[in-house]
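Multiple structures follow.
Two complexes follow with chain A in common, the first pairing it with chain B and the second with chain C.
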Partner chain A sequence: MTTDLATPVDRPPGESKPTAPRPARRRSSTRTKLELALFLGPALVLFVGFVLVPIGIAVYYSLYDWNGFGPISDFVGIKNYKDALSGNVFQGAIGHNVIIALLSLVVQLPLSIGLALLLNRKLRGRGFLRVIVFAPYVLSEAITAVIWLLMLQPNGFADQFLRAVGLGGVIEQWLANPKVVLYTLFVVITWKYIGFGIILLLAGLQGIPAELREAAALDGASAWQTTWHIVVPLLGPTIRIWIFLSVIGSLQLFDLVWIMTLGGPANATTTMASYMIDHGFKRYEFGYGSAVAVVLFAVCFVFALLYQRFALRRDTAGALTRMAG
Partner chain B sequence: MSTVATIAAPRARKRSTGTAITYVVALVIIAVTVVPLLFVIVGGFRTTAQINSDPAGLPSPWVWDNYRIILGSSQFWRFLGNSALIAVIATVLAVGFGSMAAFALSRYTFKGRDSIYTLFTLGLLFPLTVATLPLYLWLRQLGLLESPLGVAIPEAAFSLPVTIVILRPFMHAIPGEIEDAAVLDGATRVGFFWRILLPLSMPALTTVAVLAFVTSWNGYLLPLLVFNDSQHFTLPLGVATFQSQYSQDTARVLAFTALSMIPALGFFMLAERRIVGGLTGSVKG
Partner chain C sequence: MRITRKTCAIAVAAAMALSVTACGGDDTPAASAPPSGPVTLTWWHNGTTDPLNTLWQQLADEYHAAHPDVSFKIEPIQNEQFPTKVPLALQSSTPPDIYQQWGGGQEAGQITSGKVADLSSVAPWAEQLGLAAPGWQVDGKQYGVPFIQHVVGFWYRKDLFTQAGITAAPTTMDELTTAITKLKGAGLAPIAVGGKDRWPDAFYWGYFATRECSTDVLKAASKTVKLDDPCWTRAGQDLKNFLALNPFQPGFVGTPAQQGAGSSAGMVANGQAAMELQGDWEPGTMSALTTDKDLKSKLGWFPFPAVAGGAGDPGVVLGGGDGFSCTTRAAAACGEFLKYLVSTPVQNRLAASGAGLPVNPASAPSLTDETLKKVFDQGHKATYIQSYFDVAWPTAVGQALNDAVANFFAGQGTPDSIVQAVNQAAAGNK
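Now for the complex of A and B:
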């Protein structure tokens, strides 16, 4: 996997190496080392100190029973992991993350593709539409959560709107009914993130030459056949990247949940991250919370590795490392 | 001639039906996107009593008090200032250190270069959420709780991978002849980096700066853990807190939320091309 990530940049096809050693003026090696330290040092210190070290100490804390204060002495081995993974609430939390991830794939992906295809047609005001569609994505999840929290109040804006369009029958206790609330959150997530998918796919569509479609049409393919057999497969790399981002995002879901439901009612919307914060930060079970953090990390990491290995490897440029346009 | 006409006619009709459907769908998309935003903005011009009696109605009369009171209080401006300060520090650190590292990783050849680069790319897989709990304990040990640096520094650290991954190939692609010419003119490598490479990398630098800024601006979880004192709250944290604090006064919460949306939406309108380009470009397949 590491090579998958590193290769494309190391050897960009058809590019000459920019810094061949110049015989005319060789720099002293001490000076070069000094320069390297100057340029690389700050980033390395920052990265190691605030990305790698915390993840490392989480593994250490997770082996202890510790409330966050005083000496860390109560070694419990893998007990925290056992407790978390065998507990109903955490199992439910993993389930909720998985449900959100699957729903995103089943609902958001086809919706994004359909809307992107539609918006790719010649359309007056397409630029304006692009801006509008993307707007929710730039709002923070916190603001999104507050907006929807207020709209979804019982007998609030959403209910009144539904009644007005004759859908009064479907009105629910959107945030209070444990059977409904996870799907309510999914609607909010879709509202916020669908624009990102559409924009991503529109960018992908721009890269498909019109001649390909015209050729297919000349060969007698229907619009549907052209779309299904030519356009969608060519969108493959974009779709695969979208799936990756969507699943990682679903696994990390926190802000919306925390503000809208705090994981409730009756743990109906607990996610791995909200469970971690609830135990680690609210209940001062730092050892236990760290174990949950490590599990969350492991789930994301394993998914990322497998996905890189099996899905993204086909994309010639290891898309994550592609440079921005 | 006539055959052409008969073939063309049904096709044109078909196209216009398709176009009509497209426009209808476009309108639905706009409505679904904009209505919640309008609900917040317009709701801020109503009183809570108006909203309670008719949640989807228009203001009658229009009330300016909610907005006036919030704009006149120091709270909103303080949240805004805190958010801006943190986002600026995080962006400067990420882009500053990130571009230096990308320079070293793209234009020097040395042992371990690829391993160091791989180490940074691995960071792409560790979003901040995963590390927040241990990060909180780490920041407490370093005495950075309740400090803007306690949020800005980790955010910068987590922005480094994407910054370096975007900048490195960009700097790599700048022809070596330019560097040779600079060296012939007596420039040191540091001088080349500062006076030639950075200006040439401006488009990529803007992209990574926008990414780092937006990520920091919208951050919620880390400020939630680091800040206890509402004096230090950022805007996302402030909005969420304001909402739970004044949950009985819907109109005021709506006005507060509406005002909080303005910076993000305004920034987006100004830099739409950069933001969309940056976000899609950085993940483009």
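Now for the complex of A and C:
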């Protein structure tokens, strides 16, 4: 290992026998190492200490039956994983995460793109509208959840509003009907996160050169054709990043669920994360909770890797892939 | 370059591991030092609001004045944080010396850490605390001491009962059924329940169980956590019949118990529902959720009715309480302090402050509220106090019960499935 470092192998063959001293290059090489150590060191320590080590510890705990007190001695192997993956409640939880992720893509994405295109046009009060749309994202998830929990109580603000606009017929028991409650949560999630998508896409729209639109207009393209064939394809990298963030967020959904429904009624809104907290910290099944945490991590990690590999490869080419290659 | 990074990572990880071990090694001797001379007790309690916050501080100051060797470092902690903070603290080498303790299966779990002190020899607790003491015992040893007792029963609004033409508080299940019918006839929600939080649902199953099962069966189940008597299934059947009356507010499975005016407590406080099966703390919870200053005069209380044909003693009360445990470092000083907390003068002040029902029967006259006196009497003359089942049983089993009952409230499962859920959780299945 150390030999590699002493004689760099990435030097072009022609320069393998340097005749003249090259102080500038040598100094920069030591300096690079020093810089790397200085800049990467603290981050690396934190990353190892607070990410890698805890993951390892969670994997270790997950192989034991442990209530959080006393010695960790009851080794059960992969039983915790088997129990979790074969249990109806956890399977349901994975299903709920997937439903939220898919709904986000199908509903939030077109909505975000549409609103972003609208807010990108020159219109009266554009700044104000942008603030309004972005405001919910600034609220913490806990505050959002409490506000909506109160508004969605039977005969609460939501019901009264619907009645006032003549939609009294669609009123449901938003948080009590197991068939409806997951979609209620999705509406709240959309309300909260749509602003983030819009801001992201607006930034993407700023990056599209005006010349392209002008050229298209000169060639006689309609506004619709310009949008569909020029703007949306050029938004691709932004959209792909948004999808990535949205899916990961959906998989980790917790705060809203925990405050608004606690995963109920009758497990209708349990997510992987709420199931993990329910078992880990409410039931004191820390071994089992760790197993669920590892599964959640694995799902997110595999998705992230595959997505990076297949969807983001082109977008990040030159930034990430060159170093990895 | 890649290699250096990996090597570096391994070195860092190794360094971390070493430093962690080193820290552990340093602290261990201090933890086992014998308590002699001046001692400072770290005290974790959940009295973040008054009256308890001020009262605990006063009591600590007065105790320190009388016992200069004993000082306190008080840390009020939000109630909801205890379930996560206590296990971590008991894993560490510096747990608090006194911490909030609700007894039962959770306490039994904490004892396996080896850091919770046995206080049996400090005082004749059973004499001093009466029926409340066993809830904080594990295998006959007193690992915790309650200072406030809780009793669950029906809180109701007298004005709404009058409006519906109900003249007396129900004493039997039939009378309760009639009252529910009358209240519905008057267009009122008879009972509010906080189904979202699950534990309020479990009060119903718990009370039906105490009415169907004999006291011997209840006591045995607290120890064995095995429900093999048919009375447990009958409790579920009673609950099924009760749910069939449709006595609750619309959407009750999604209603929070204590958050906001739309919660079950808020509904009763604001006159939208007539009854709620809750603990003695309910008037305090309600008064924060309404602008009605005369609320307390409108509230009445009656115990959970007897169930015809049940083997249970109608005098059994479902309840619990708030207590403290001591850790081993300063167990002697801590035990003496807890003895002081349950002494009559201190309990008189607790009762008078409105913090809750005193555990010391001698302090009953200090209760100012007539309704609370009634609640206290019910607890005092009880033949047996059954700790809420989710507390009495190991935490995993108790939560499994709450979940199963909550699912039952949402229309899933059978009377049998609740019993099965408990037995399976007790057998270690997830």
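What we mean here is this: the second predicted complex is superposed on the first by the 270 of 325 C-alpha atoms of A that agree within 3 Å, B and C clash if a C-alpha of one lies under 4 Å from a C-alpha of the other, contacts with A are read in each partner's own complex, and residues count from 1 in each chain.
Methods note: contacts are C-beta pairs under 8 Å (C-beta built on N, C-alpha and C of every residue); 3 or more make two chains touch, one makes a residue touch a chain.
Keep in mind that what you see is a predicted model, and the values were worked out from it rather than measured.
Participant: Kindly classify A:87 by the partners it touches after superposition: chain B alone (first), chain C alone (second), both, or neither?
Facilitator: Only chain C; A:87 stays clear of chain B.
Participant: Between chain B (first) and chain C (second), which does A:140 come into contact with in this model arrangement: first, second, both, or neither?
Facilitator: So A:140 only meets chain B here.
Participant: In the overlay, answer first, second, both or neither for which of chain B and chain C A:70 touches.
Facilitator: Second partner only, chain C.
Participant: Between chain B and chain C, whom does A:297 touch in the aligned arrangement: first, second, both, or neither?
Facilitator: first
Participant: Just to be sure I read the superposition right, which of the two partners does A:262 touch: chain B = first, chain C = second, or both, or neither?
Facilitator: Touch status of A:262: second partner only.
Participant: On chain A, which partner touches more residues: chain B or chain C?
Facilitator: When the residues of chain A touched by each partner are counted, B comes out ahead.
Participant: Of the partners chain B and chain C, which touch A:281 in the superposed model: first, second, both, neither?
Facilitator: both
Participant: A:178 contacts which: chain B (first), chain C (second), both, neither?
Facilitator: second
Participant: Figure out whether A:148 sits in contact with chain B (first) or chain C (second), or with both, or with neither.
Facilitator: first
Participant: Please work out whether A:78 is in contact with chain B alone, chain C alone, both, or neither, and reply first, second, both or neither.
Facilitator: Touch status of A:78: no partner.
Participant: Find the residues of chain A that appear in the contact set with chain B and again in the contact set with chain C.
Facilitator: 5, 36, 40, 44, 49, 53, 68, 146, 149-150, 153, 156, 281, 286
Participant: Taking the complex as given, what residues does chain C use to touch chain A?
Facilitator: Contacts found on chain C: 1, 3-5, 7-9, 12-13, 16, 83-84, 87, 90-91, 106, 109-114, 195-198, 249-256, 259-260, 262, 394-396, 399-400, 403, 406-407, 409-412, 428-430.
Participant: For the complex, which residues does chain B have touching chain A?
Facilitator: 18-19, 21-23, 25-26, 29-30, 32-37, 39-40, 43, 54-56, 93, 96-98, 100-101, 103-110, 114, 116-127, 129-138, 153-154, 156-158, 160-161, 164-166, 168-170, 172-176, 179-180, 183, 189-190, 193, 204, 207-208, 214, 217-221, 224-225, 235-237, 239-240, 243, 250, 253-254, 257, 260-261, 264-265, 267-269, 272, 275-285
Participant: Note which residues of chain A are touching chain C in the complex, please.
Facilitator: Touch list, chain A to chain C: 1, 4-5, 33, 36-37, 40-41, 44-45, 48-49, 52-53, 65, 67-70, 80, 83-84, 87, 146, 149-150, 153-154, 156, 173-178, 181, 261-262, 264-267, 278-279, 281-286, 288.
Participant: Of all residues in chain A, which touch chain B in the complex?
Facilitator: 2, 5-6, 9-10, 12, 15-22, 25, 27, 32, 35-36, 38-40, 42-44, 46-47, 49-51, 53-55, 57-58, 61, 68, 115, 118-119, 121, 123, 125, 129-136, 138-143, 145-151, 153, 155-157, 159-161, 164, 191, 195-196, 199-200, 203-204, 236-241, 245, 248, 252, 254-255, 258-259, 273, 276-277, 280-281, 286, 289-290, 293, 296-297, 300-301, 304, 315, 317, 319-325
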